[in-house]
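In what follows, subunit A forms one complex with subunit B and a second complex with subunit C.
Up next, the complex of A and B:
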């Protein structure tokens, strides 16, 4: 007959077991509590870190554009069609505006469009995708039809048409047009994700606990797909920035806003190629490419956020 | 002759975000030619990691940090990849845990064999050889033309076994090869495996958590705990004289339900955190025999009673001599019980005093039928009260058919035909059957998730009581929600039943808010009470935890607490212990039995496991292909089955 372990006193067995388990899980909890936050995971990924730095640079430029820009981007008091000089780093336009100032202020437009249109189309995609996926049945049939319609309608011609025939002009129109044409892809992905999530036991359990549909979607399902939503937002913002540049390049942008797209448009109209003003042409294209690249790089990190296996290397 | 020699093998997981975990620690053992060795352990003990390390299939963050794996003289741990590839499958093959998914879904079975032969330059005719192999595992050769998705789980597993044997290996590593399969299918595959080994003479390392199967199949058993081999002994001796306290605990958690008296125990506590170093024996905190020295000195694996054991007490020969095991419930060692061997049940239909006189019997004793004389004092008033009250829930002649449409063809599958059953307050009704027998469909009909095609489901306990019974098969919307206040579920997989992003307090507060109208602090207080009622003390520690911070058993307690929150009359428990480690199953069973008794719940206990049905249920219903084939008091159905299907189910349980 052996004596019980000193570490194990002898109160009623249930209590003691549970207390002991409690202490240990407390210890375990602290260990798991040291899980790095989302930002640490993003930052540790080298590609993502570069992307974040580039993006941060653009955000700073956009925020401090009035300070950084040497001149008013719309003032046309300068000699026209200059090449790069000490006063005008990237030269001037045919109208005599400073290209560098336009470039700096244009960062604002791109980021605002990316943020706003990205948010808007993510939101629309989220609501439609979640409703379709969770409700199923005829609701799903109808919404899926809408989603498929959104996917097959060629986005660029639709954007062009909407922008060209709209009675109003302005940045918000562009944002609206981009959101209307860009939500479907995200909706489709979110729909399929929720279809796999809605049959989980914890969703059934929430129904047994008396929760309503809206609450189940908002409180039980959405928190489990945050990384998907973030990836979707990044994708949508990326497309929006490109879309804005494209529309503006085609001359369908807001003529009163300075953006990289309108700069490209005017450089091409102003014959920058012919006059040898390469800086006027290349600078906005390069910044656009750089901004889009930064988003792509950040997406590598976000992948690691949603898939812990990817965190081990890199 | 020694075929495989593992020497001081250690594997560490070094994830970036968490402390390194020593998953396998200085493991040494040998396997001789033709030997069948079982590796027994619970989830997280490192047995699959060890298996993968032997095949050198570990992927980062896991890494072999020391030791040798000598196979036929070559060290697998350091062998060049090219040589290793030649060795793998030719001499050393495997059937994976998830073999169901290890067949390539886009190529036919024949091509999978052809691939294997081509990769190893076998010149035999693919068709003849593959057909031979199919025959070997008792499959029709037409299976060769099938795609994996056209086969059942059992057939896929046979194909995987045939593939593993394709090149006549000397050693086959089987990692939980039958987990997830039906008991009946499992039995037939294991029987075939045993025959094949006789014929072909290959050696087997059989990794499993299923004690009954391992003891029945293996010549020798390695018991693994927290990354270490704690006992290594011939199977027969391990059964009759287990020397490590953990092995004793495991044996105590298993019993043969056909015995006249059945008792299982659980091992208290949980496995140690392997990311910190422990000076003493890793099992000491859970060990009923632990002495002072055990907390300071790490025991070595030393010869003892014809085997090897890693226990200071056993090595000093101070272990109590009690022969443990399922057959000896009446003489359970008091030390083991007192330190937390949670005894679930001691059912002894013919032996009236067995439950009453055993030291801990009074706590958990239950009777299979409410009239017999073997009741302990605690049971008597409850039993007479529950005696012959009206059924609280009645399922009457229910049929359920599913119609699927594929193009113009419609296909009707009958899931349930003509099932009737009744649930009574304070009683447990077990619904037993293979997967696909319709058990879960019945649960879905009772809870109103689905409606029967024909037949009625009536509930007699709604609201004010004496009114007309509720027709569950006609409920919808709000009425269905109100009904679910009375009928709650305990889910099978505690890992899936709790939202990973929500705290325990949130999960518990939802039914309290929705059904009880409690708010904020009141809901939290009530949630804490619920946690204590399912044995989670002190509740404050658990309220703000996320599910991943809890052990499997703790999660299942939380799931149970949530089901109890609306104070239901009926509890549907769908395989509530099948995903839990064997050593803690008894604990959860005891909790459920307790709740049924104290809260006078009517419980439908759905299971394929006859042992737990035997322990928990008052009445057993056996379901086969949607039909009830046998029903009656538990002891009668399991003790003296009349139906062939019931007999088949019982015969599939390994005999110890």
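Up next, the complex of A and C:
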């Protein structure tokens, strides 16, 4: 089995020239029609297929969490600090809450944060990266400075500081704090990509044909950056899920939301290690790792989307 | 020379931006920032200690005046190294508290990061040297897998296995009750024992980025023309790998090292919290839970400045190592 390591997504020269040629002779539609759809490419990649299936499993669990969770995750009517039993598959917390129910509901939190903060930081990164790369000149200088600043400021201390000042720490504040600290990396990659796209012949052709800047960006540039944007979103969502877990583990999460990070925080503070409640300690970390694994596996397929050399046919 | 001047200008600009960001964050909330902070320290219905108000005012550098005057006064305080008095460790100054915590983090992070870099670069080189073999699969898949594990969870499991179950190492803290910080054997051996598990936690996840980066860079540079020419000339395989592959591939890792520092410092917040290790990360979290805003702001500023300095040094080093960067910036 070959092992393409999670490479930096650089769309190969071949795809770009193919797209250019296709566009030049006015047959981009036919070209796209001839190529297998993006989902088919993803699905054909074995690693990506496994990743998609795992992610689908998590989405289903999150959607049907209220049905799947045997108890209310907040109800503390049970005996405290139980090990795994028939009634409580993963035991109970030191406050007498059912660990398995918390685990099921925690999937919701992680996916919501990943989706929302991933979208938000991708959007911010896209707007800033596109503007910087396309405008050039002093606009680029200023925005590049902002991007570089965003890259060097240590993310978790900034998240901690921002979270410490907010009087109410709801889930949306956590999402906002994560997005504020996580947009810069994607912005930098999108900026450098657009700089290489900007000077290409088909963009010049579109400009000579009288297309406005907005139209060129929307119709000519963004479609050629799709896989980069998707990879960027996956990376941002991944970082957001990790960031939420870290903040919650530090006790800075939303106190009203059950998440895998808060579960680990309570397991650590609630003496799960001393009472030997290994299930309470291991389960949230494993689900977190499994979710992150599914994202990593899907990324293999997205790399193949932008680089036909990596495709596994058949 | 233009390259270095540009990097220095960037360093100064980011330094200014970090200091200003630190000034702005407490003021992002509506109303008088000092009042808002103090009311949050005191809670509802409690009287506010005038000393607290004073500490907060010093941190904000803002006894009245408009925003610009406050800003000027704040800059003056920062440049004279006056960060005010810690509220939770009264009467110690903020700088004193940071001085206590800084060596712990510097030693722990410094040693583990250098080790991570060395281990990661060596493993990455090995994987690239034996590319598309079983060694390569084991190294790349293994590090990808370990990379998916939540960092603080690994740390928790280490405590569970090695400190609580096996009792090989102390569970928490930086040194035991029997010793006190100083240059004596008891303290140093004690501190070493306490640093093994946090160090291990950092070393398990630390090398991953370097492994993947080194392997991919080196595989790429071994595919380039000059490396192919070396093969055609019949040079020994090992020499090609080292002088034509690794030597070039290591360059991006040097800048990667600087960029990674920010996330490394983030990691120390987690690892120091898990192990109750007396460094900057734990102090930051402690100041947050004690609502010691002057201390918190100063730690954030110190951490950011530390990362900026490291970045600047890496940029300079990179300029010396790779002449192409200097040229690229000039054109």
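Definition applied: the second predicted complex is superposed on the first by the 277 of 314 C-alpha atoms of A that agree within 3 Å, B and C clash if a C-alpha of one lies under 4 Å from a C-alpha of the other, contacts with A are read in each partner's own complex, and residues count from 1 in each chain.
Everything that follows uses one rule, which is that contacts are C-beta pairs under 8 Å (C-beta built on N, C-alpha and C of every residue); 3 or more make two chains touch, one makes a residue touch a chain.
Predicted, not measured: the structure shown is a model, and the values here were computed from it.
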Have a look at where A:202 lands relative to subunit B and subunit C in the superposition and call it first, second, both or neither. first
Return first, second, both or neither, reflecting whether A:218 touches subunit B, subunit C, both chains, or no partner chain. neither
In the overlaid three-chain picture, which partner chain does A:210 touch, first (subunit B) or second (subunit C), both, or neither? first
If we overlay the two complexes on their shared chain A, which of subunit B and subunit C does A:155 touch? Say first, second, both or neither. second
Between subunit B and subunit C, whom does A:142 touch in the aligned arrangement: first, second, both, or neither? neither
Subunit A residues where the subunit B and subunit C footprints coincide 1-3, 5-8
In the complex formed with subunit B, which residues of subunit A make contact? 1-8, 10, 13-22, 24-29, 31-32, 34-36, 44, 200-202, 204-211, 219-220, 223-224, 308, 311-313
Which residues of subunit B touch subunit A in the complex? 15-19, 60-61, 268-270, 273, 275, 284-285, 287-292, 294-295, 313, 318-320, 333-335, 337-342, 447, 449, 481, 484-485, 488-489, 491-493, 496-502, 507, 510-511, 514-515, 535-538, 541-542, 545, 548-551, 553-554, 559, 562-563, 565-566, 587
Contact set on subunit A toward subunit C in their complex: 1-3, 5-8, 145, 148-149, 151-158, 160-167, 242, 245-246, 249-252, 264, 267-268, 273-274, 278, 281-282, 284-285, 288-289, 292-293, 296
Residues of subunit C touching subunit A in the complex: 10, 13-14, 17-18, 21, 25-26, 28-29, 40, 132, 136-137, 140-141, 144-145, 147-153, 156-157, 159-160, 164, 212, 215-216, 259, 261-263, 265-267, 269-270, 273-274, 284-285, 288-289, 291, 293, 296-297, 299-300, 303-304, 307-308, 311
